[in-house]
Amino acid sequence: MDKNGFAKKPPMGWNSYDYYDTTVTEADVKRNADFMAAHLKDFGWEYIVVDIEWYAKRAGSRRDEYQYIPFEEVEMDEYSRLLPDPERFPSAKDGAGFRPLADYVHEKGLKFGIHIMRGIPRNAAHSHVGLLGTDKTAADIADPANTCFWNPDMYGIRPEKPESQMYYDSLMKLYAEWGVDFIKCDDICREDARSAHDEIRMLQEAIQKSGREIVLSLSPGPARIEEAWHYEKYANMWRITDDFWDDWKLLKNMFERCELWQNHVSAGNYPDCDMLPLGRIAEAFGNGHETNFTKEEQKTMMTLWCIFGSPLMMGGEMPGFDEFTMDLITNREILHLQDFAGAGRQVRRNDNEAVWVSFDREKDTVYAALFNLSDESREIILSETETGESLARSIRFSGKSMKELWGEAAPEIKEGSLMAEVPAHGVQIYGIM
Amino acid sequence: MDKNGFAKKPPMGWNSYDYYDTTVTEADVKRNADFMAAHLKDFGWEYIVVDIEWYAKRAGSRRDEYQYIPFEEVEMDEYSRLLPDPERFPSAKDGAGFRPLADYVHEKGLKFGIHIMRGIPRNAAHSHVGLLGTDKTAADIADPANTCFWNPDMYGIRPEKPESQMYYDSLMKLYAEWGVDFIKCDDICREDARSAHDEIRMLQEAIQKSGREIVLSLSPGPARIEEAWHYEKYANMWRITDDFWDDWKLLKNMFERCELWQNHVSAGNYPDCDMLPLGRIAEAFGNGHETNFTKEEQKTMMTLWCIFGSPLMMGGEMPGFDEFTMDLITNREILHLQDFAGAGRQVRRNDNEAVWVSFDREKDTVYAALFNLSDESREIILSETETGESLARSIRFSGKSMKELWGEAAPEIKEGSLMAEVPAHGVQIYGIM
Amino acid sequence: MDKNGFAKKPPMGWNSYDYYDTTVTEADVKRNADFMAAHLKDFGWEYIVVDIEWYAKRAGSRRDEYQYIPFEEVEMDEYSRLLPDPERFPSAKDGAGFRPLADYVHEKGLKFGIHIMRGIPRNAAHSHVGLLGTDKTAADIADPANTCFWNPDMYGIRPEKPESQMYYDSLMKLYAEWGVDFIKCDDICREDARSAHDEIRMLQEAIQKSGREIVLSLSPGPARIEEAWHYEKYANMWRITDDFWDDWKLLKNMFERCELWQNHVSAGNYPDCDMLPLGRIAEAFGNGHETNFTKEEQKTMMTLWCIFGSPLMMGGEMPGFDEFTMDLITNREILHLQDFAGAGRQVRRNDNEAVWVSFDREKDTVYAALFNLSDESREIILSETETGESLARSIRFSGKSMKELWGEAAPEIKEGSLMAEVPAHGVQIYGIM
Amino acid sequence: MDKNGFAKKPPMGWNSYDYYDTTVTEADVKRNADFMAAHLKDFGWEYIVVDIEWYAKRAGSRRDEYQYIPFEEVEMDEYSRLLPDPERFPSAKDGAGFRPLADYVHEKGLKFGIHIMRGIPRNAAHSHVGLLGTDKTAADIADPANTCFWNPDMYGIRPEKPESQMYYDSLMKLYAEWGVDFIKCDDICREDARSAHDEIRMLQEAIQKSGREIVLSLSPGPARIEEAWHYEKYANMWRITDDFWDDWKLLKNMFERCELWQNHVSAGNYPDCDMLPLGRIAEAFGNGHETNFTKEEQKTMMTLWCIFGSPLMMGGEMPGFDEFTMDLITNREILHLQDFAGAGRQVRRNDNEAVWVSFDREKDTVYAALFNLSDESREIILSETETGESLARSIRFSGKSMKELWGEAAPEIKEGSLMAEVPAHGVQIYGIM
């Protein structure tokens, strides 16, 4: 299997974290799956991803003290493999695991994903739980010095032990049996994660052995640009940022990260700008609210994610989305930019503005996005020559038809330059053909 | 002018540094130009570049103490612009500058390049020498805290002063008048160079104003991957390494650098692996010798530079090249890899071996290079599946014709895998069509 | 209790680590205590310290894989307090703890010390074992992200929880009941130890509450000079180096560390150069051997430790000491330097030599130590003026009686300078009165 | 000469910088010297120090652009030694140098100091000016890569050249001839100053050769604690902070620095908290104003500097001092703390308060200073036991007479504890005898 074939376009879907934190239930997942199937599937949205601690008993019950309760029970099989907490995922009882829920999602014509933490459960190591296919136990492959600084569930494994690869193989075998299509592996994509370099490779090796095309997504970021080749070799997505939330500073900062990673987007390889905090979010964080992003900021976010080629993962509770949000995420012309992910290039960036272009070579259409990063409305100008011949041989404004994709008026053209008045934190993006 | 059009393929040429250090003379340059025109031009070699301190009096005369004599006289015009030392460049006398030498090179059908240091001469600042087009002086734009740690000639300029851009404009105006085709700007491409970020942009702006297509090459490296977009926006080449010499450790290390920069090669944009220390080198360093690289290492170097897409700049004294060296640098099949620079991709790299592939999409040919980085002969295997579909849709070995480009036997194919015995530090590269 | 009164001179004793690693038994301890009482007590040697993992079952039984076996059983009481493994310490059975062994040592006229790791046992946290005086458990105060990178036994505690102080109080209460005189707390004295700053304070607070004068020694080092005041406020000794072994490079490097810490030696405050690897060592490391230090190096070590004011802790198995070693560690004149620890000052240090002086103000005697740090015999000169008036008002050579403390000839004096031929890696130290 | 004898107590004086920046004139110096002689000498104030750029023509004339005008003329002799600008120092004309001004100061019973920059004038190097006692020139010892990032006047020297020591010798010879008592050498006491380690030693060697007792003060700081022994070996004072101004954040931060350096104060060795920004300051900075410190903060500053043992250098223009300021700097009981500089020790420090004690062993008096570092009035408590026996054997409150040195009421004593209500940012200090 060619891992680049697992996801030929940037994956689009929904992830439970931004709204449900560690508390998501089977009913919550189904509700969102139903909504996606009914309203979003036609636009390309397809992944339903259950995020962190689906295996943890009483997850979220001491939220004032801990996001992740330490030393708590987890649901686990005899091979040190975590299973869904049957309290929250009733269909998982009797060892069924996520198979029933995955079936449900698949029947809707969607794909099913889960979150995992790098490593093996600490509980398994301390209790010397077994491993599939060997009489060694979790204690033999767990590395007690290899911990995650923000989550207490796992020990990193010892890559040099053959049983460590066997353990990852056993995980992917189980996930393949369940029908999992997407793995978001956490604590594996940042400076501080010891042994993560090896574990990325081991995970892909386990996926290949499983025989199922499972998209591999790495978290939490920021990913290291020095490891770019390694990510491209073994994974499909990698977070280029720490957790992203509805804060303009973080959104503005994403332009810097997209500049850095723009040459690393290609089929099967997607630097990941993280979930879209749209609609109502943060409910289980004790901070439920409608996204703090203004409408202009939301359009800026969608435009950047799409012209750059990031995966699109919804963070909010979808059933409550209002009309504006639905329009935002079902704008076919914006989403079309994902069809040629990797073609987008930054033309300019400073503290006040950013300009990106992209190219649909099949339809011979150029796209130019003018972002206003300043706090005031601002005229942004793009001249034909700035993009450069090599970037866009065909970028000539005269004699072209132009359309603003969010429904604004077409821009003014004067002497080979395109001029637009863009609102604060906003964007205008033109299709030029 | 589109700077990406200045050099549509990685520049190929000769540079005086590796052999002549600071001592190169007009006669030396002509001798090498004559040789290139007679023997190498047909293979694509065309640039003749005069490297560091062509303006410095008595350069190289105190080599036991200093590579660059501090506080020494320089040849300079009334606008703080350095001129060739007429002792070493007699045709430059009476203010002719490099015009006569450039003419000579052009008449041979070649192109002419010079080295400059970022900034303005310290001598000009301390003597308050004028600037073209303003009554401010060098003292007004020189920044006394902005120095190069390894060369004493210049002060960096103050980017915020408009006269600084005027100074760079005046330089490029003069170089355009001389007929310069290539500028290697030094002390501008590394972590420690203060204000370099701005000066890169200012140099390209000055080139654009000059009206002449002058290739802009940045030195000394290692360039910063975080600045990749900035280099691609304003320059044509940037060194991804500090000075490269004939030492296996440096050559082996280049594989790491090429991994890092492989996604940043495109028309007009060339991460630069530095000069090729071939033939006799280091003469004026007091250390004249034939290259220490073995023949295998030389083939490894040429293959890597070409499949990666680095510029090729000869470092040795060309007239003395032996037959092996001439064959090495006139292998049309190897040089052909440069025609699709940017297509090369690393498939594997570890301490013992590296594998790269590239694609000539016009001729539907795949190239696979198997490098032995270990110190012993070694069988290297490449399976069809390792390259990945997205990388190389067409990489199927069976039914293909194969040719080793350095003249070795074609490789053995077994069950979808290509196997080759590669000598220590050596390479085998196959054209598969 | 004034913690500076717990040890008015640098502690002198024996520590089980260098010879026994994690395997020391009651019989081993007694054998060494017997020897010390018989042969060394009169010279000031008095502490008998049981080092790491006296609580660990099967400690040392998988030495090829692990120094510290992860996820292994430990002996522990119902309050999460570790107890001696009764297999190795039979007298500890039935909850007697170290009381019987401490009694044995005390009866010999010696003092008894133990090693602990910062924090609370991981086993206690994962099994929710109780704490003395509260119904909270170990899981409530253990911080799963607060681990030691080289030992898997403990989790660091959460300093902000009142039960954490209660836990440390309960430890010191137990140790006081046992009759412990000396605690060597590990994983607490280095850059990487999270929360260690607070735990140092908490340990001293627990000692004060225990009502017993227990010397507090911090490990592993290198201690941070920025924390010097904090150590002096709350501890008695702190390691200024990582583990020290019988390697000249480490010994030479100790001169640099002593330079840095020399102003921080005073009554009750001893920067610690670590154990003396003398005699036979490293037995349980699978590397048993007589110290690699030459006789000259051993004298250098003893002289530096004493003139600087470091604690003296024997690392080797004492019963086998030969005559040279016994003479080395029972040289009363050298040991006398410890009586005015803190008076020593470095006069000079370079790559080839170091000179220290110290002052016995009661007896109006100056000591001058000339260390040869080079690899060849060397004449070292000390002039009266170099020491400086403020350092040594009385340091005048003429008219003084001089004696070399290791039994060498008195030095030559010429024109206010003292001259000595010192062997490679050796020392000569003069008492001048 | 023993450099520790040059200043047996922390130097007290006035420095021109805080008020005059680079513009100070002979008249200004005399006016302040007259004032000191008349009003402050009896209290121990004695140094009059001319700070930076007394040699620079037109210093301060382009203050909107530059603090230090680059590439400007300087007054210099034929041996590359800077001389006072005769425009600002008329008595210096005809090569008299600072001799006449030093005489003036000496006649007042005061001492005379000057500021220098590490290195040799750039102008001397670029013009190949001579050196005393050799036919080498400034160009031979100046290191063009060894520059100060904030001042353009000098190049650092090459320590390995014997002429470099000769140059420093020639400087100190000249200063000794002038009658200089104090050298503040700048750009020599911080992480970034290349070759500074050697130059500190070379300066002291030059002072020793000069035969004059010249106090050596190092700037700008923060000094490196790792170099403490080196400073103590070769200098008398070293700045433990970057420039200190009248800002509470800087003053609060000084407590942290004093904690770090408290063990390094002894006769002839003074970690330096920098000038006291009292009275009117910053005039020549274009920002003339009365100190921003409140009266409480001024008392806090004076108390900390004195109990710690810092030199005291007045920064403001003395003739305009008001009664409060005069009382502040002539409080004999506070200044008396300097008589036993080095005895002071921090007892406690946290974000809200700091406590220091010191001891006059001759008079058997203990001093206890209670600093309120918080922004609100606060009761601060000191118990007898907290200071520790070793620190203060005699610190018993009962039966002692107590006096608050700034004139406040004596503190309340209860059960072995001293309690005081201290105003925000303020201090109370008690003499206990």
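Read from first to last, the chains carry the letters A, B, C and D; within each, the first residue is number 1.
By our rule, a contact is a pair of C-beta atoms (placed from the backbone, for glycine too) under 8 Å apart; a residue touches a chain by one contact, two chains touch by 3 or more.
As the structure is a prediction and not an experimental result, all values here were calculated from the model.
Chain centres here are C-alpha means, and the one lying farthest from subunit D is A. Taking each chain's centre as the mean of its C-alpha atoms, subunit A lies 52 Å from subunit C.
If you average the CA atoms of subunit C and of subunit D, the two centres end up 39 Å from each other. Separation between the centroids of subunit A and subunit D, computed from CA atoms only, is 58 Å. In subunit A, no residue touches at least two other chains. Viewed as a contact network, the protein chains form a single closed ring in which every chain touches exactly two others. Pairs of chains that satisfy the touch definition comprise A-B, A-C, B-D, C-D. Taken in their complex, subunit C has these residues touching subunit D: 2-5, 225-226, 228-229, 259-260, 262-264, 266-268, 346, 349, 385, 388-391. Residue ranges on subunit C touching subunit A, taken from their complex, read 70-71, 122-123, 125-126, 128, 139, 142-145, 147-150, 152.
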